[in-house]
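You will see two complexes here that share chain A, one where it goes with chain B and one where it goes with chain C.
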Partner chain A sequence: MRLLRYFLFRVLQMFPIALFIVVINFALIHMAPGDVSILLAGEGADPDYMASVRESYGLDKPLIQQLGAYIGQLLQGDLGLSFRTREPVIDIIAERVPATLLLAGTALVLASVLGVLVGTVMARRPGSALDAAVTTISISLFSIPVFWLGLMLILLFAVTLRWLPSSGMMSVAGPREGLAYGLDVARHMILPVLSLTAVWLGQYVRLSRSSVSETLAEPYVTTARAIGFSERRVMTGFALRNALLPIVTVLGLELGLLLSGAVLTETVFSWPGLGRLIYEAILSRDTPVIMGAFLIMSFTVMLAALLTDLLYATLDPRVRL
Partner chain B sequence: MRLRTSTILAAAIALPSAALAETELVMPQQDEPRTLSPAPSSDTGGHGPTSNVYSHLVVMDWGIVDGVAAYGDLADSWEVSEDATTYTFNLNTDAKWHDGEDVTSEDVKFTYERIMEKGYTFSSFLRDVKSIETPDDDTVVITLDKPNMAFLPMMAQGAQWTGKIYPEHLWADQEGFDTGPYVNEPVGSGPFKFVRWDRGSAVVLEANEEYFRGAPNVDKLIFRTIPDANVARAEFEAGQFPYLPFNYAPPLAEAPIFEADPNINVVYTPSHFSRDLQLNLNHEALGNPKVREAIAYAMDREQMNKLAFNNSWTPGYYAGVSSLQKWVNEDARFPGHDAEKAEALLDEAGFPRGDDGWRFSVKVTGPNISDCSAITEILVRQLREVGIEAELDRFDQSTWFSRIQDKQFDISCYFGRYGPDPDAYREHFSTDGARNFMSYSDAELDQLAAEANTVSDEATRKEMYDRIQEIVVRDMPYINVFEEQKTSLVRPGWSGFAVMPDGFNKSISWFGVYGVTGPDDAG
Partner chain C sequence: MNPTVIKTIRATARSWTGVLSLALLLVIAAAALAAPVLGLPDPADMAFDLYQPPGAAHWLGTDNFGRDIFARVVWGARVALIVAIGAALLSILIGSALGAVAGYFGGWVDGLLSRVFDIFLLIPTFFLILLIVALFGASLPLTIVAIALTTWPRSARLMRSQVLTLKSRVYVQAALAAGAPHWWVILRHVIPNGIAPIVTDGTILMGMAILTEAGLSFLGLGDQNMVSWGSMIFEGQRHLRLAPWMSIAPGVALLVLVASLNLLGDSVNFAMNPQLRTRGGAPKRRRGVAPPADEPAATAGAPILQVTDLRLEYAAGDRRIAAVDGVSFSLPRGGSLGIVGESGCGKSSLGSALLQTMPNNAELTGGTIRYDGRAIVLDGKPVIEGGRSRIEALRWTRMATIFQSAMNALNPVTTVRRQMVDTLRLHRPGMTRDEATARIGEVFDMIGIPRSRMNAYPHQLSGGMRQRAMIALSLILEPELVIADEPTTALDMLIQDQILGEIADLRERLNLSLILVSHDMGAVAESCETVAVMYAGRIVEIAPTRRIFDRPAHPYSRTLISALPSLTGPLETLDSLPATGSAAAEGGCRFAHACPAATALCRSTPPPAVQLGGNHVAECHYAEEFAAEPVDAAEPTATEEACA
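So, the complex of A and B:
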């Protein structure tokens, strides 16, 4: 009951925060020079046409009025129409979200699970040659720019060996349903997921290694060992549970950024995801799409923060919500 | 054992898609289309697909560099009245929409009138149109208010971006060309039919067997969005597609490597654009003609060519480009490199070197295209050598464009246009020209440019444009630097791409692939 009340309170809290975010975003976007009329008018750039575009998109009105109209629209659950395509923003975003979730979600699960496993194993053999090797590798992975790694993977597996497709999410002329479609997408996923996982993996390895080894040095672990609990019981029952707290924090932060965190990977692999959509929208000053995407992203961040707090309470009984 | 499993796995993953007997052409492009309706806005991602689905009244392509400024697409032929105000177009009688209906003169009238009514981009090419009449199904008569020698060439050039002909029977009940079911499922009359658009990935088209000029050689045409130039280049090398368009082109310094590769043909295509510098005459120093002349002397095109373009570009010393042939006045020439002369002129102009060695400071900017970036980087160094404290100022495309329109720049790299008709000078240099960002104004030039556009006698016109070039070189509101050149890569066996001479005048627009033949096509 108390948990439910807390949950509801936190969800309600999101709306004033979202409003604040909308206002800030709106101000930031309008501080940037240039607007959509220039890009729509293009090569000819006829001033009359640009003026008529501004008028038809309501860009000729005072800013405060534009903001008011936008918020009014939001309150009715309407994210508006894209300047570029004249399609509902919500549809445009919804179309891109699954691709991003598939790519970034898979990579995040792989990176965190693998990272925690490897980090935990290393924490138990601190100073060993293997530990040194893993530490070096994870620092390197962590510092490699993802677009470079992606490009190298493409060169190796798609260009030289020709084992895997180089980019895109599916074969252009390939199947669109059933198992064959699933396999086709899976083949296209391998390289982008691999590069994203590699980059994220490093930090999970390092984080869980240091967190677990710190916990193992705690007096209660020594006590548990002295009592005679099996090493496995000590690890899973006492050490790991406490060591997970900082990892959950980082995971929560990344979960919130899941939707936008893969812009570079999506660009390199021509992945039709949300990150690329936002990037394109920013370059063409497609304000409704930018605003809509930012709004949805801020809700994901807030939801992830809430989830993290709830998870904290489960892991650590001292935390009371 | 483990090795064997992984080998089998790899083999399974690498299973090639079933061999197809038909010719499939994948065209990479950097931008995703915004929509597949060409009229409402200029759309770099949409031009490829829409130019192959829709037809035009008249159009042009890279044949312009051979002197063909316009050729018929839906129009088989046309006559121009004596006073150059009435254009009678005879349409091809076999042209059909992809849904089977006949293309008629009413479709042309409907499209152009709606473009003018809505004020879409293409309406600027139709601004002198008084009336459009359709005496019968296959004849369109366009009457102009006053003679305009640039009308046909400009209409042909603009058509490839935003001037395509729409089917009236499908669009008549729509509010504009940006609403309704056919915006993203286009029905045209061009060589390819729309099949599917996978958002974020590709637009798929198939050959129109009923096309009025005969079915294209390519059976399946796919425009794939690949935003990253390095990836596109890697995929080209991996044989994923036979043609790498010039906007993905590798740095020209790498050209010798590609030229040495027997599996790649490097195609250089001239254009009717230049790379030049626009100087903002409102700037304290740049307002002084001596300073502008000094900048022309300070600039070393040969060094730029060597460092940036592997010596493969043509330096631009005239107020024109050689593809415009007869229209270039070779007596009006910008000065060549002479740093000492530049310094002397700057001293004379009242900008001696200060105690810190600098005379004055300027910011150098340009559009976000690789050749302009290279030119401006080297230019900054060359200006600093003569004591001008130059600095680079870079922006994304939209910001740069709005800044030069607001005249918030000192020196900017620019893509000057000289064709398809020399009327382009008016757009660049007349006081109210749409591309005159320099605040340049000269009464004689204004008058000449306005008049030259109405004169049908070519020799007289030539004299007038020669004089305009003299004035521009005298005043130097801009300085030509290079003639633009496009570099594309093509796989052997493929030919007829728009940038190749065997694609000239039959590609149906700069973006058209109607002329393309693959290695498996007989003939």
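So, the complex of A and C:
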């Protein structure tokens, strides 16, 4: 009940944000140099299509009505047509989402689990030489440009050692079903996942190191020790359990940042996801696709933030309206 | 310069990462500044020697057009630094202005602006920048503006929270009262005082800006007229197999610059908040000793707790502070002792030493603690028997603590019942959940908590109920000795009285032995038979309660008593602990600096423990004289600065 009410409240809060994002997008299109209809339809579109775009976006009407028409189009799930392939942008994007989810999801799980683990261990010995070394390494890790790390991994493992494929999601003439297919995809995933995980890992180590050490200084931890709980239980049941709260918050807030890493990584590895799509769209100046991708990314981040909020609320009994 | 700024710089200079990163940054900045006069080949100069690997002629090789990569890397540093400084400055400018306005005016202005900050946090900024640059065309100034437009809420939030704390400061209020306009107060008083953490965050912002620009360039959205590391990698990618050095060098440069910025920010942050580095942690493993060979078997009539010459030291930086400096007392079974003193006098450290729950920077350096005649601490070391320290066998089953529950002494994410069940089952493994619940019900009835509150989370209970829940938790295993550490602080007077009454009542009914640690003479008077007054790490006077109130023999006790009924000290901090180096080391009385009766003798010779008969002992040269005088309740107090 508490959770349901909270959830509905948060959903309601998302509407103004969604509106804000749409308005930004709209404003940018209108402020950008060049004809709006060309931006929406793509350069060199045929006159018929151009006319239909003008019609559906109401481009000869006052701005506020144009905004209304724009929102109306979006609500119908219409993000326009790709100027390159003439397919609906929404379909092109939908087709690419699974690959991105697979890549980013795997790396996210790996990085957060490993990061929390390492961070927690470090929090037990604050100020030790190992702690200082791990802190420095994690800061260096998230200072690496992820795309460059990807290139270096390709250079080492694909070009020099020839152990792993350098690009794509599956071998050209490889199997397309069954276990063999899964293994083939897994082999292609290793390097991109490795680059993403490495860069994100630094963040999670830092974050969990500081929040666990903060909870370890809390009075309830002293109580637990005075009661006689083993140090293992103090760590898991008291310190880590409470430290998860800030970790989850930041996890939700930084998803946007994470997605940008995923996009860059996909570009390096020609991974057929959203990032690769955006890259191709930039190269061919396919603005409808770039705008559509921005909108979809924004809504994804909002949705993810909503889910983390809900996760937070289940973890922390103090959350309520 | 502001002293905290100087302190921060000094502390940063002490960490090798801080020094190293600053040095690297300076080298990069110098190279970028001096690029035109270094005599490097023109970075755009194309030559015939394409794809030259690194060598004597071209230190880092040449690229697909035969351009010198070293020269390009040096010139690229200019772009990186321009982006970093430009974007961070702009972002801080916009952010602190709006953050200051939001925090300063509060109300709907704050509500609106805070919503905007929140919304920006949810926008995937990289894609917004990407969209802007894709729509408006790639150019460096636009990239900088776009980055700042998406990062300013970060500075704004920081500034807002700074302003919220600064707003009530005296100088701000004084300026306003003098008729200064709001914008003047914000510019003159609020922003300069709140800017420090925002500037620290600036290094992180700069790192983010550089990586963002590099990412954009790598996607082909870099400024075509400039040499940027990102676009070098973008070009290098296509020649990865043929000329890997094309991508290696600019990437290393990016990594070094961004890592230096982040490490510098981190060092400065730690320098400003040194406790961040050492706070928390698992308890130190302390070397134990075997029980003494000549220890008598448990004797009937031995005091339940006997403390002899106990010493506890804190390490604060390179200083060592004796928080407990030779404390002795003994508590008979069923007896009750109140330990009173100002914040920082060591009374809480003493409490934590008894249960051995001291923080990691504290250490017992000497003294003996005997429980029921058996040593649990010997010469400051825990006594180990059969591979297990003796204190472990006593914890909670025989010796429990009542902590101050207002300070999160109960786990905030677990129900009260669950915490008690876990405690019960930890020490009584065979117990079923039903039995445990029944036992909790009993204790709840005894303490006066409605059983219906069992499933509440700590935050759902009122202050008084939460403190009662803490008491219930401490009594759940029927201990013999309870140490109550400020059990009523932060509660209102009425509830304080109720709870003290309940503790006294429970003590009688359960035949508990009690140690009550408090800053409040009145609280102790009600529930304890004996009172020990602590000052600067020592018990300066100990006597039966009636006796100490009637004939206090130490000037410090007298000020405590005359300051009744409300004596609330400042929060306990390490800083307020007296250093070992002061009066004690000089050999005089530790209270001499604040004592209204101090004489030359007091300043030169530590006072002896004067036996006044009837278990009354005081450490004062003139104890006998004072004990003969009645207290004047209106006497002005010296306690305010007593422990400062």
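Quick note on the criterion: the second predicted complex is superposed on the first by the 247 of 321 C-alpha atoms of A that agree within 3 Å, B and C clash if a C-alpha of one lies under 4 Å from a C-alpha of the other, contacts with A are read in each partner's own complex, and residues count from 1 in each chain.
Throughout what follows, a residue touches a chain if its C-beta (ideal position, glycine included) is under 8 Å from a C-beta of that chain, and two chains touch if they have at least 3 such contacts.
For clarity, every value in this text was computed on a predicted model and none was experimentally measured.
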| item | value |
| --- | --- |
| Which superposed partner A:257 touches (first chain B, second chain C, both, neither) | second |
| Which of chain B and chain C A:74 touches, first, second, both or neither | neither |
| Which superposed partner A:154 touches (first chain B, second chain C, both, neither) | both |
| Most chain A residues touched (candidates chain B, chain C) | C |
| First (chain B), second (chain C), both or neither touched by A:170 | first |
| A:33 touches, of chain B and chain C: first, second, both or neither? | both |
| Contacts of A:219 with chain B and chain C, given as first, second, both or neither | second |
| First (chain B), second (chain C), both or neither touched by A:140 | second |
| First (chain B), second (chain C), both or neither touched by A:267 | both |
| Which superposed partner A:52 touches (first chain B, second chain C, both, neither) | first |
| Common interface residues of chain A - those touching chain B in one complex and chain C in the other | 32-33, 39, 147, 151, 154-155, 159, 267-268, 283, 285 |
| Interfacial residue positions of chain B with respect to chain A in the complex | 10, 13-14, 17, 20, 24, 26, 31-32, 34-35, 40-43, 119-125, 158, 161-162, 178-179, 183-184, 198-202, 204, 220, 222, 224-228, 230-231, 234-235, 237-238, 240, 396-399, 401-403, 405, 434 |
| Residues on chain C engaged by chain A in the complex (per definition of touch) | 17, 115, 119, 121-128, 130-132, 134-137, 207, 211, 214-215, 218-221, 230, 233, 236-237, 240-241, 244, 247-248, 250-251, 254-255, 258-259, 261-263, 266, 276-283, 352, 355, 357, 359, 392, 395-396, 400-401, 403-404, 407-414, 422-423, 426-427, 457, 459, 473 |
| Residues of chain A defined as touching chain C within the complex | 16-17, 20-21, 24-25, 28-29, 31-33, 39, 123-127, 132, 135-136, 139-140, 142-145, 147-149, 151-152, 154-155, 159, 210, 212-229, 231, 235, 237-239, 241-242, 245, 253, 255-257, 259-260, 263-264, 267-268, 278-279, 282-283, 285, 287, 290-291, 293-294, 297-298, 300-302, 305, 315-318 |
| Chain B partner contacts - residues on chain A that touch it in the complex | 32-35, 38-49, 52, 84-86, 95-96, 99, 147, 151, 154-155, 158-159, 162-164, 166-174, 187, 190, 267-273, 276-277, 280, 283-285 |
